[in-house]
Each structure stands twice: as C-alpha cells, then as structure tokens.
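When the chains are written out, they are named A, B and C in that same order, and each has its own residue count from 1.
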Amino acid sequence: MPLLAGPVCLLLHHPRLSWGLATTASWIAFFIALTLLDQVLSNGTITYALGGWAAPWGIEYRIDEINAFVLLIVSGISAITLPFARTSIEYEINPRRIYILYTAWMLCLTGLLGITITGDVFNVFVFLEIASLSSYTLISLSRDPRSLTAAFRYLVMGTIGATFILIGIALLYIMTGTLNMMDLSQRIPAVADTRTVKMAFTFLIVGIGLKAALFPMHFWLPNAYAFAPSAVSALFAGTATKVAVYLLLRFFFTVFGPEFSFDVMQSDRVLLPLALVGVFAASTAAIVQSDVKRMLGYSSVAQIGYMVIGISLVSVLGVTAGILHLFNHALMKAALFVSLGCVVYRIGSTRLTDMAGVGRAMPWTMGAFVVGGLSLVGVPLTVGFISKWYLILAALEQQWWWLAVLVLVSSLLALIYIWRVVEFAYFKAPADPAREITEAPATLLIPTWLLILANVYFGIDTSLTVGVAERAAKLLMGTAS
Amino acid sequence: MNPAMAALLAVFLPLLGAVGIVLLDKHPNLRETVTLVTAAALFLVVYSLVPAVYSGHEPAAHLIELVPGLSLALRVEPLGLLFALIASGLWIVTSVYSIGYMRGNDESHQTRFYVCFAVALSATVGVAFAANMLTLFIFYELLTLSTYPLVAHKGTEEARRGGRVYLGLLLSTSIGFLLLAMVWTWYSAGTLDFVKGGILRDKLDPGLLPLLLALYLFGIGKAALMPFHRWLPAAMVAPTPVSALLHAVAVVKAGVFSVVKVTIYIFGTDLLRDTDATTFMMWIAAITLLAASLVAMTKDNLKARLAYSTVSQLAYVTLGAMLVNTTALIGAGMHIATHAFGKITLFFCAGAIYVATHKTEISDMNGLGRAMPITYGAMLIGALSIIGLPPLGGIWSKWYLAIGTLEAGQGIMLAVLLISSLLNVAYLLPIPIYGFFGKSSKQPNAAAINEAPLPIVIALVFTALGCMVLFFYPEPLYGLMALLFEGQ
Amino acid sequence: MEIFGLYNYWVVVVLMMIGLYVVVASGNLIKKIVGLNIFQTSVFILYISIGKLKGGTAPILMEDPASYSNPLPHVLILTAIVVGVATTALGLALAVRIYGAYGTIEEDEIEEQESTT
C-alpha cells in the first residue's frame, strides 16, 4: 500500500494532497497491521507466497507474533506522526520539496514494513536498501546545511552496513543453497561448524549492528537525528532502529538459532558488555549535549543498548524485556521528538539555552516532554517503567545482581539529562523576554498528546504489550528446542 | 458511604480539587475556597473510614492490574488510616496558614503552588492506603515529583539547586535501591502485597535479609537516614507552608511510614526478630539520630535547624521500627503523629516570624518574643512537645519507644534516646528563651513588628493546641496502633 | 593449484579491502563514493563467482542442459547492482548539494565550517 502511494505522491506534486495520501496510506497500513496481529494471535503464523512461487524457491512473506508486533509499531508510529508532520514540515522545509519528503516517507515505510514482513533474507537486503535510501533523502531535506553532511555520513555507514549484510547472505547461500529463513534455520545446524557460516554470522551481525546504531557503531545516529526535520526524527526514532533490532532478533533466534548464536559464537558475551558500555557512554554523552535533539539521539543509542541487554540475556524473560522495550521506546522517543517538534515550530531551535523559559509559554508542549522524559527514566505508570521492570527481573533471574544495579544506575543518567531540559524550560528566565512565544497549534499538539497518552496507557494496561512480547519471546526461544 | 469507595475517593478528591484550582486560576478567592473545601472534604472522607477500621474491617479497592499478579490496589489498615488522618487534618490547617503566608509575602505562581499541594496530598493518601509495595512506590514517586515544583518554587538559583538535590537524591535512592529491593522481593516471594506477618519467611536466605532491609531503608530516601538526608535541609528553600506540611508531615512521614510498613508487612516482625537482621540498620538510625541533633546545634538558620531536628526525629521512628517489638512499633507509629504536630507548629512559627520580620537567622531574633507573644508561645509548646515533656503529646511516643528499647534489651539505644532528648533541649529551647528574654539591641524598629497575619496565627495556635490535646487524649492514637498487633 | 583456482575470490577480497580503505582514509566525499563503489563491486563479483560453473551454460531456452550456472545469484546481483547505482546517485547528489552549501567537498574543511557556525 505505501509502495503504491509513494510514486503517486511524486506525481501529485502538491504538498497538501501528497500529505493526505500518505496519511491515508499509513493509517490503512496501521489497520492492516492491527488485523494481522489479531489474526496471528488467534490463528498462528500466516504465510503468503509472493508471485505464486511456493517457498523455498519463491519469495515468501511470513508473519508470526513478533513481526506482526513490529509491523504494528512501525505503521502505528508513522500513522501518528504524519498528521503531526503536516504543520511541522511546512515550517521546517522548503515548500517546493514537501512532496519529495512524503514520497520518501512512503518508500521508507514500505522498506521498513517489508523488512519486517519478509521471510527471505535477500528480500531483507532489498527492503533495507529501499528504507535506507529513502531515509538518507529524508534527512537531507532539512533546511540546515549540516543535515547534508549528516545524511552523507549516514549514507556511507549505511551502505557499508548493507554490503556487509550482502556478504553475509552470500556466504550463507554458498553453504546452504537457500535464502528462505525457515529453510536456512533447518540447514544451518548441519554446516554450523564451518568457518564460512561463522564468517557469515559475523558479517550479518556487524552489518545489522551498523544499522541499529549498536554501540560502538552509532556515530552516524546523533547527527542524523539532530539535523533531520522533527517529524522525520520522530519516525526514525520510533521505527528505523527498531526494525534493525528486530532483524537482530530474527537472525539470532530464527535463522541461526540460539544454540549457534550464543553457545557456538558466544555472541552474548560480546554483546552484553558492549551494550552496557553503550548505555553508559551514550547516556553520559547525552548529558553534555547542548542541543536537545542531539541529546535525544544519544539517548536512543543508550536505549538500544537496553534492548540488546535484554536479548543477550538469552532467556524468555530477557527477550520479552527486549521486545517490550522495542515497543515502549518507540512510543516514548517518538513522543519526545514530536514535542520537540512543537518547540522548533515556535522558537526555531532546540538549543538548550534557547529553550529557557518555554515551559511557561508552552505548557502543553513541555508537559508532554516532561511525561515522555519521565517515561524514559522509567517512572511508574509509564511504559518505561514496565520495560525496566522486566529487564531487572530478567537480570535477577540469571542472578546477575550487578546487571540489575547497573541498569538502575544508568536510568539515573537519563534522569539527569531529562532534568536539565526541564530546569531550563521551567525555571530559567527566557533569554529574550521581549519575544512572544505562544503555545503550539492544535494540529501539532493533538498527535503529541496522543503519543503521550499511549505512553501512559500502555504503562498502566500492559496486557496487550506484555502478552504479545511474551508470546513472541517464547516463539523465538522455542525454535531452539 | 461504602468504605472502599471512600478510600478511592480520598485519593481522587485532592486531584479533583487540583483541577478546580487550575480552572479558577484568575479568581484567587474562589481558588482558595476550593483548596479549603477540598481539604475539609478530604478530612471528612478519611474520618468516615475510622469506624470501619475500628470494627476490624480493612476496606479494599482494586484499581487496575499492571503486570499479571501486580496491581494498583488500595487497602485501609490502621497505620495507614492514622497517617492519612494526620496528613489530611493538617492540610486544612496548612491551607489556612498558606493563604496568609502566600498573600503576606506576595509570592508568585500561587496557582501552581496550590495545585502541586493538592496533588501531593493525593499522593500522600495514596501512600497511606497502598495495598501493596508497587502502589506505595508509585504514589511515593508521584509525591516526589509533585513536591519538586514546590521546593523550587522561588525559581532563584538557590531554589533550583535545592530542588535539584531534592529530586536527585529522592529519585536516585528510590530508583536505585527501592526499586531493586522491590523487584528482588517480587522475584523471591512472588508477591508484593502487604500481608500481616510478612511475605518473606522461608523465601529468602536469612543471610541476605539485612542486605534487603538496607536496600529498602536507604531506598526510602524520604526517611532521611544518613547519608541520604541531604535533601531535607536542601528542600528548606521552599516557602514555609511547604516546609511545614511536606517536610514536617507529608513527605518525611511518608518515608518513615513506608519504613514501618515494610517492617511489619513485607518482612514481618517475627522474621526480623528471629534473624537479627535489623542490627545494622538500628545502628545507622542511632547514628543519624545523634549526628543530626549535633548538626542542628550548629545551625543558625532557623529552618535549617528545624530540618536537622526533623532528620533526627525521623530516625526515632526508624529506630522504633528496627527494634521490632510491639511497644516500640506503637511508639514509632505514635511518633509519626506527635512529631507531626510539634514540628508543624515550629515551622508555622518560623514562617510567621519570616512574614512579620523577614528574618531567618536565629541570632537576629533576640527579643522578638515580646513583639510576637502568641507565635513564641506556640513555639515553646512545639519545642517542649518535641523534646518530650509533659503536658504535651511528645512524651507518649518517646515513652513507648523507651520501653521498647528495654523490651528489646538494647540498653545502649535507651541511652541514645535520652542523650538525644537532652540535645533537643539544647537546640530547641534557646530559640523561644532568647526570643522572650534576649536583648533586642539589634532592632532599632522593634516597635514596628507585630504579630503575623491572622490566618497564620490561627493555624499555629491550632497546632499548638493539638500538641496539648495529644497529651490528654492519646487513646485514639494508641488504639489505632494497638489494632495493628491484634491477634499476633 | 587450490589457491590459484580460487583467484576470483582473491580478487574479491583485495577489491573489498581497497574499497574499505578508500572509504575510511579519504577525506574527499567523491573519493569516498568511489571507494564505496569498489567495495560494492567486490561483493557483486563474489555473487557472480558463486553461480558460475566452469563450462556451464546459461539455462535459457534449452532442454535439459548438462551443466549450467546457477542463475539465482546472478538475478540477485542484478537487484544489488540497481541498488548500488541508486546509492551512488544519491551520494553524488548529496555531494553536489554539500558543495553548494559549503563550497568544498573536503571533509575536514566542512567540519571546520560546521564548528564555526
């Protein structure tokens, strides 16, 4: 659906119309994702052979609990940020380029949904490139010239990552003669001891790690987030890295199987320390940033670290925590970025010093930011608390005290960087008192608060998220036995 | 009214009040009426729960399930009811007082002030009525967050620094220790409900109990155990009504209340007594008690001195809880009440002096007592009550605490209590004494000083009388506390 | 024999290293893109080598060929080449716009300008 909408947007050549189309398309995608999730939950895995060729020769689309869940996140975030994008984008980018933005947006969405849905590893690569190419475009569309260099850097890193994935896929194909994920998972154990497969594994993980901005391969991310238009940052924060983490899960558990990934390759021993260092280094980096958007970028790197920690615990609880955090972090980061979008709309900057005193002028916007920030810290009644809870529980289950303590300490770092913003916004006098700042328009506020309410709602009523995450985790771990 | 409904209503009523206050932003008189009406209604609602609890019921309300097996739920038990009664009752008095104070000082952002106050009260009642540790934790955090704007109210550099220390210490201890302790408990016991006799028996290696207990006690940063007491003096930059209600009553008492609650309902007194897990924390409490008293003596700023005095008095309650016998726990529970009345009186007086003279240092206050006799009279009563002299309420709680130490066979702790009481005399009594008899040489315009505005005076007289009433009628307090241990 | 028999794979590895080195070491944006291209091309060759069988023929319009090259990797790599071309095009377009904005395509000079603004 979004794939169809993309080119049409280009043809329409009209900002409003292309926006309308993009929004409709993504809402439809969202509802399709909802029904898919519902069906998967009640009927089990759905498969669909593209072009009529049966698997393993044809390209197969395969939907189980986990990717139905990720589909829901991706399409949901896109559906909510698009209404926000209209007003915000008109302000932030050149009006003549707006239709390009929506075209790229749709392509990016297609790519992300495609990666999630497909059951074929080469198809993953193709969709990955669709998503990446369109996201380079999205970032470069901002008015700030620095977005160009940010996009270029992202392009270089992204292409290297994608090529690594390509090499990994080639090596796998050499050894097994198939590209279908299910087929791969059956054939790999037979050849698991060869060096080729191990190389393939390494190439794939490094490639995906680059895309997921896994520490220490995260350098492209903060700049890319900081200079992209706000709505685009929100989309990326909620979706792009999440899909990469999903791929990581997919390859670890489905394609290679936990036994190979963790017993043979012992990747948990590498990932866990890296993720921990990532959480701390990125959080500390976030504390010293003077630009709030960039700060949130670093914070994203840290949060991805949490997901990887969850995954590398290799237990049902740990993976549940990882998947939960995937969902929850998408919600909170998107909420934070859109509320920053409101700030940009009114004061034209996200530098900390320029935000002095906005709390009083824009109570609703900053209220949203505070709630989102608290969610990031993990204060109860927000989604952040639920994922922290599960993560700690998973750590305790392994009797890893130090890990539980470190996770808690790191959330205090989040408290520090969020609170710096709050203090500036509420308790500093505006730098330029003469300037009149008013509240952001309702078209921006409504989507912002929708996201915030989702943050609170899923923090209180967790039956959906926890239930699905748990089932998905069991499914992933279950493929091992 | 159905008691379960009343419990729910008690939590939501102040929130409703807060909404009303926001809506009436532009009409100060109506706004303050709403505050007072809400406060009165809250007290009535809480009071309506008393008969049910006395007859042995524990009204419970179930709100929502967060994670399978873990829900937000309320249950009213005697200790919580006692705490809610004190908090809601003193809210009325404080509201009257703060109207006088805020207007007298022309403070800014008054609406924000009242709103945060109401939200804080809602959180306090939530803490009081929590049916499990998770609910308690949530309201505890809400209390911290809602009082932060109150602490940083003035918006000056100093106020913000105070606010930062306040928030940083309270949130970091609660997330760093308390949350960990909670998850640990949940992991070992499979529940977080408050159950009489505790939930940890046979669930955890006894050797680990002291560690878990330390996590809980340090995690409840609001109980101000050293070395996590720094937030309390820092929070004294807040306007005085905030210091009074929040730092003599709601916030700090939420801390020690949680300590008592954890002792009784999570660990269970029998378990703690059997395993001697409390020794280490008991010493920490004793050290806090003495050290804070000593620090208080060196402080010249009146509010800072009161703050350290609070730290020391809170340690009494923690100490009582750590002695884990019925008498000491009754003493601890009563001390929550008697100290609340005594300390709020002292804070009210400090505020009254500030409104009338804008003085904050004790050494500048010589001779003020002659100009403000009512204020200083009330201050004397409050000080005596905290020291624990008859005919004031403070004696009862100290009495039970002292007997508790003897019952536990901790002679040293008895000595600690007595020494600390002497220190109380040394740092509290001089203030009113110099106020009455000191030379007022430094005040050329002494004649210009009058009593503080009427609402302030009414409030502080009321709480001072409260101290006296508690001496003559301690039965309701004792009765409630004794209910806790019935059948054990 | 073994080593020389696999010479195409050696070419792949050498090209890959050259490409990566250029990407990392070069400060010029255009040269970076060239490096990226070399890097990608090496992977293309890898794919083509997988499928090719000595003496094999293309399995098109033939009944039951005796030995044939596996067409699948070749098809895949067609897609990958298209992707590579798109990436290059986008990269070059970005480079043009960067030149427009900064007046240079040397990375260190751009950084200098960014830090001053």
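Quick note on the criterion: a contact is a pair of C-beta atoms (placed from the backbone, for glycine too) under 8 Å apart; a residue touches a chain by one contact, two chains touch by 3 or more.
The shown structure was predicted, so the numbers you read here are calculated from the model rather than taken from an experiment.
**Q** Among line, ring, star, complete and other, which one matches the pattern of chain touches?
**A** line
**Q** Specify the chain with the shortest distance from its C-alpha centroid to the centroid of every protein C-alpha atom present.
**A** Closest to the centre of all protein C-alpha atoms: chain A.
**Q** So the centre of each chain is just the mean of its C-alpha atoms; given that, what is the distance between chain B and chain C in Å?
**A** Computed from C-alpha means, the inter-chain centre distance equals 69 Å.
**Q** Please report how many Å separate the Cα centroid of chain A from that of chain B, as a whole number.
**A** The answer is 44 Å.
**Q** I'd like the Å distance between the centres of chain A and chain C, where a centre is the mean of that chain's Cα atoms.
**A** Computed from C-alpha means, the inter-chain centre distance equals 28 Å.
**Q** Using the touch rule from the top of the page, what residues of chain B touch 2 or more other chains?
**A** Counting only residues that touch two or more other chains, chain B contributes none.
**Q** Which chain C residues qualify as touching chain A in the complex?
**A** 20, 23, 29, 32, 36, 39-40, 43, 46-47, 50, 72-73, 76, 79-80, 83, 86-87, 90-91, 94-95, 97-98, 101-102, 110, 114, 117
**Q** Along chain A, where are the residues that touch chain B in the complex?
**A** Where chain A meets chain B, its residues are 374, 377-381, 386, 388-389, 392-393, 396-397, 404-405, 408-409, 411-412, 415-416, 419, 423, 426-427, 460-463, 466.
**Q** If you look only at chain B, which of its residues touch chain A in the complex?
**A** 64-68, 72, 134, 137-138, 141-142, 145, 149, 152, 155, 159-160, 163-164, 167-168, 171-172, 175-176, 179-180, 183-184, 186-187
**Q** For a test of understanding, state which residues of chain A touch chain C in their complex under the given definition.
**A** By the definition above, chain A touches chain C via 122, 125-126, 129, 133, 136-137, 140, 145-146, 148-149, 151-152, 155-156, 159-160, 162-163, 166-167, 170, 173-174, 179.
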